[in-house]
Amino acid sequence: MGSALPAFDPASPQAQAIHELFVQVLCISAVIFTIVAGLVLIAVVRGRKRATMPDQDFGNEKFEIAWMVGPIVIVLWLAAVSANLVLTVNAVPKAHPAGHTDADLVVTAHQWWWQVQYIDTGVVAANEIHIPAGKKLRVRLESADVIHCFWVPQLTRKMDLIPGRENYVWLEATEPGVYQGRCAEFCGVQHTWMEFKVYAHSQEDFSRWQAGNQVVGAKLEAGNLAAAGQALFMGMTCRACHAIVGTEAVGTIAPDLTHLAGRKELGGGVLANSPEDLRRWLADPGAVKPGCKMPNFKLTDAQLDQLVAYLGTLK
Amino acid sequence: MSADALDEIAASDRARRASAHSLLAWVSTVDHKRIGVLYILTATLFLVVGGVEALLMRVQLAVPNNTFLGPELFNQMFSMHGTTMVFLVGMPVLVGFANYFVPLMIGARDVAFPRLNAMSYWLLPCGGFLLYYSFLSGSAPNAGWFSYAPLSTKPYNLMQGVDYWLIGLICLGVGSVAAAINIFVTVLSCRVSGMSLQRLPLFVWMSWMTSILTILALPALNAALAMLLIDRCLGAAFFEPARGGSAVLWQHFFWVFGHPEVYILILPAFGMISEVIPVFSRKPIYGYSFVAASSAVIVLLSYGVWGHHMFAVGLGVTANIFFAVGSLLIAIPTGLKIFNWTATLWGGSIRMTTAMMFAVAFLLMFVVGGLTGVMFAAVPIDWQLTDSYFVVAHFHYVLIGGTVFGLFAATFYWFPKMTGRMLDERLGKLQFWLWLAGFNCTFMVQHFLGLMGMPRRVYTYGDSPGWAALNAIATAGAVLMAAGTLVLVWNIVRSLRSGGRAGDNPWGGFTLEWATTSPPPEENFEAIPQVKSRRPVWDLDHPEVADWKTSKTPADTGWRPDKARASVWAFVASEAVFFVLLLAAYVVFNTRHTDGPNAANSLDVVRTGVFTGLLLLSSITFWRAERCLSAANQRGFLRWLGVTIVLGVAFIAGQVIEYYGLVSDGVVISRNLFASTFFTVTGFHGIHVTAGLIVLCVLFVLGRKKELNAERSGVLSAVGIYWHFVDVVWIGVFSIIYLGYLQ
Amino acid sequence: MTDWQTLGSLWDWTSAIWLVAGGVVAAYLILCRGALGARAWFLAVGVAILVFAYVSPIGVLADGYLFSAHMVQHLLILLVVPMCVLLSVPRSKAEAWFGRISGSQVARWSVVGWLSGLGVMWFWHIPSLCSASTANASLGVLRDAMFLSAGLAFWWAIYAPLERHRLAAPKAVVYLFSACFGCTLLGIYITFTAVGVCPVFADPVGRIAVLTALHDVGLSPSADQHLGGLLMWVPPCTLYVGAIVSILCRWYSTGGEHSPHRRGGAVLHSTEMKNNAE
């Protein structure tokens, strides 16, 4: 899953540019540190042996000016390189560039999950962003409540999601793969479990995923476990918060569940999405993710079986 | 000084201390040395509390998916840890050292305003108590030490924790500004003859720079806190986007304070290092003027770089580049200092005492923190690493590797002066190695955790490869640091009981504090050596190679500004920043046309214009009163002062009429952003006018009693500066709010 | 025709500023007869910049087309030209002209210098006045004259021809730092406000070709105002911080003979030495 050292494993031109700059600055820093530490240690070692009163040296203006040159050169170089990257590779996509009326996808942060909306197909997902590899997507970032921060270390810069404000980033992955993302700005009790993953597919796989997501759940046979689960879902307050396309559940304050069974994780990364874990989650969400906004419905074992069966059909 | 004389002084000092050793003597003290010690002890107490909070967090993070604290408590812990370390440990301990040593180092009897000094100190336990009382209210503050809105606003934070945080910090902020004004005026006005500003010991110079920073930066925080408090308690919506407020404005206000705050915490440590390194190298500081001037440059630049905390906000390309360049520029004066400290070591005859070991460790550790700081100034790198554990490592290298190591160096260096006893060097070195190892264990690995993608402020983490091992190392390091702290406490207790006698100048120090006894007598000095260079005590000890014979420094011109006037100017500068920020908020929220009440449809410009005229007239009448007093015309003085008071009262009456009209039309502070900003700006101005009126009334009464006469006209002119300032602020308020200038 | 060629055609060689510049040079040559030295170069630079500010495309674009050019022009005539003029006054003549003014008098009036330097910038950027002065030629002349004189008043406290008229170092630092603060506020306001500070520039009366080209490059009226705000903010502050650094360096240095501090220092040192000998 993802990379162990994402900052050193860039997978997009943007992240690559940042990585290269970081490595350069790291090398310069190492040289500076070695020089300073070396001088200090030599001075200390030699100074400890000196028993006589040293020269009372008050300083030398020429030296001062001479050793200011090094830092000035580095600072100017760094300023130029940073400015160049800010203006080119890492440029923020314009709000309304010529020929575009809107972003390719909209990511809305909620306490503590992510909603992902594809503008052209209308597909809505949660905590997973599927993208075609090699394509540069314009992502609009919004927040439904407090400030969050969008961070996929291998793919793109950090960008805050701020209520009352729209921000844009480019999202691009050079190669297909899975990339870890998470909220980087403290946003409340469960800031920790506000992860997401970016799945970069080849163009064919992406088209297949997209097509699959436009198919709405099949009719359920009356009388089986899943149908009972659906009745339960619609009968209890689940539908007030969650949406399932094709049913009467149209809530928008919690993740859209239309394709829940296709997801890999639950609760912003806190659990894997298996029937057992889903059952654990439904039995008491607060025990798995303390402070999360989904209440404990005190479901019976039978009810849990029915709901897990129903949610399992939402591929 | 002969040995007999020394014993005599020690004996009389002991006797005096025995009589003054009661608790009441400490509580009621106005002696700068005792207040300094109180500051340091209080800060140490909170250091223990903040340290325990840090340890609890490290225990929680020691293994993945830990449930030791849980998210609620963890969030309270890091919020309180940050707030405590910055406001209850860092600032007070540095103010404490400044309190103790600035007057001694400039040869003063006490600080400029001893009673104000006591008040500043007592606001510290008050603020600390308010902050920690929140635990009893059910929930400590849990929105982080910078309490980003809207997470800290009422809709997302119903508990009282944040309210206690706000009130506690306002309390601490007022105390800090008062303490800073005191130090500022002390350095300006209380220097012994011969001590020109260019001859100040570097610790004094840095404390002076810090006081300027505090005076000009804290009001920005106070303005933001006041606005958030109004949001939370009076229902305004400055920072609630859902009701038209701005989430980003809080960040701007907070960091306008927050970045200078970093220098408030590090500059005094620079000063401590600049005292310790030369003394233990037996050399003067290399390039004094460059070290001092570069600090002044840092002070200036620090106000223009707050945006680098907000690179991820999406401020736009121009703003990002502007703040990046500004932040990078700070590397130049800082680098210059590092070079000068290294050059001071170079060729010295070095004594590796514990103080010196901490100073050398400071040099190395601070360079690491400084270099990672440069990385964060490069915008793209910041975009990758900010808000990750890399930034946690960065600022701890600055604040522990820098400030705390500097403080430890200062503790070992000055403890003999403060108590008359030496600290044990063996225990000191044990503490040093425990801290150096523990600190690097904890925070060096956090650089890697950041690069591995671990965000800051998470209460736990999944079992990603490598995270568990590195976090365990970090926790082990924290335990070592805690052990080191216990060693220090034991060392202090032991020394106070049975430490070796220090004598006046155990280290061969250069500056004036070493010219008196250890501990110094209440009046500080029996006799002050002549100050003819930057190292008066060196000159005394080495007359044949005295500094003033070999290197010239600008001599004292004898310029010592009036204390009252200087303090009022400093206060007025501080208040000006406060009002500028409130007015900025007004402009931000009122440039676009909004529905409901606004300046155009709710305010009566003509009526307020008349009252404005009255207020401005009061400045003229005050000026007449001042002229009369200096001409010893007591009756004229009282007449003009009376007219001034009447005019001021008339202005306040006008404001009351205006408020009454607005409120009866339903325009109250929670109505909309116009009303919120209007009442906030004019309300704070009204409070200032009222405070001024009270002072004027006191002066009037004193004048009637003939206690205010021509010789004491300095007080009147100091009050005058304040009164004219309040009028100037009103000109700004009137032209921006009523005349709509800038809209 | 490329953009640059268009830009090249924007020189206004017939500007009336030549008369002013000629007058200044003539006055300088007459008044400073016999005392001309290296300092005359400051005047040459100052006059050259003055002419440049009006004759070059900056001057042409500032005239109702581009807010940022208008800001550059302001900065040149408010900050750079007056500083050059003050520095160009020969010392011998300065003593004769200003010798009778006492140092303390000047220090007291430095508040006026500060207020006029900052005030003139704030005053002429009230939206209605800004537009009016750009549209109305005589108002524009008044504005520019005010800028020049305010600049002289502002820099007097720092670069007065006679050293004793300059503010002492600590006060000079406060003077410049607070001025920097004032510029920053105006700069932040112009950069971030949603209001058109100078409505004239949002919709220029006559369109010239280069303007379209500039707009295509991305210099839209709002970007233009951002740039203008940053120009108000960064260059003056850089100039002030530079001046502060130079003042601090002079304050610390001990070598020269010209600073009043230092002269006092030498005297004090000798008396101190006497005291020591006793």
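Annotations for the structure displayed:
Think of it as A, B and C in the order they're written, each chain with its own count starting at 1.
The rule is short, and it goes like this: contacts are C-beta pairs under 8 Å (C-beta built on N, C-alpha and C of every residue); 3 or more make two chains touch, one makes a residue touch a chain.
Please read these numbers as outputs of a predicted model, since none were measured by experiment.
Each step here moves to a touching chain, and the least such steps from subunit A to subunit C number 2. Remark: among chain pairs B-C and A-B, A-B carries the greater number of C-beta contacts.
Once CA atoms are averaged chain by chain and compared with the all-protein CA average, the nearest chain turns out to be B. At the far end from subunit A, in terms of centres built from Cα atoms, lies C.
Centre-to-centre, using mean CA coordinates, subunit A is 49 Å away from subunit C.
Separation between the centroids of subunit A and subunit B, computed from CA atoms only, is 36 Å. In subunit A, no residue touches at least two other chains.
Contacts with at least two other chains are made by residues 288-289, 551 of subunit B. Of all residues in subunit A, those touching subunit B in their complex are 2, 4-8, 15, 17-19, 21-22, 25-26, 29, 32-33, 36-37, 39-40, 43-44, 47-48, 50-61, 63-64, 67-68, 70-72, 74-75, 78-79, 81-83, 85-87, 90-92, 111, 145-147, 149, 151, 153, 157-160, 162-165, 167-168, 180, 182-192, 269, 290-291.
Residues 70-72, 75, 142-144, 148, 150-151, 156, 241-242, 245-248, 281-290, 312-314, 316-317, 320-321, 324-325, 328-329, 331-332, 335-336, 338-340, 342-343, 345-352, 360, 363-364, 367-368, 371-372, 374-375, 377-381, 383-388, 450-453, 455-462, 464-466, 545, 547, 550-551 of subunit B touch subunit A in their complex. Subunit C meets subunit B in the complex at residues 126, 168, 170, 173, 177, 180-181, 184-185, 188-189, 191, 193-195, 226-227, 230, 233-234, 237, 241, 244-245, 248-249, 251-254, 261-262, 264-266, 268-269, 272, 275-276. If you check the complex, the residues on subunit B that touch subunit C are 194, 197-198, 288-289, 292-293, 296-297, 300-301, 303-304, 318-319, 322, 530, 532, 548, 551-557, 559, 580, 584, 587, 591-592, 741-743.
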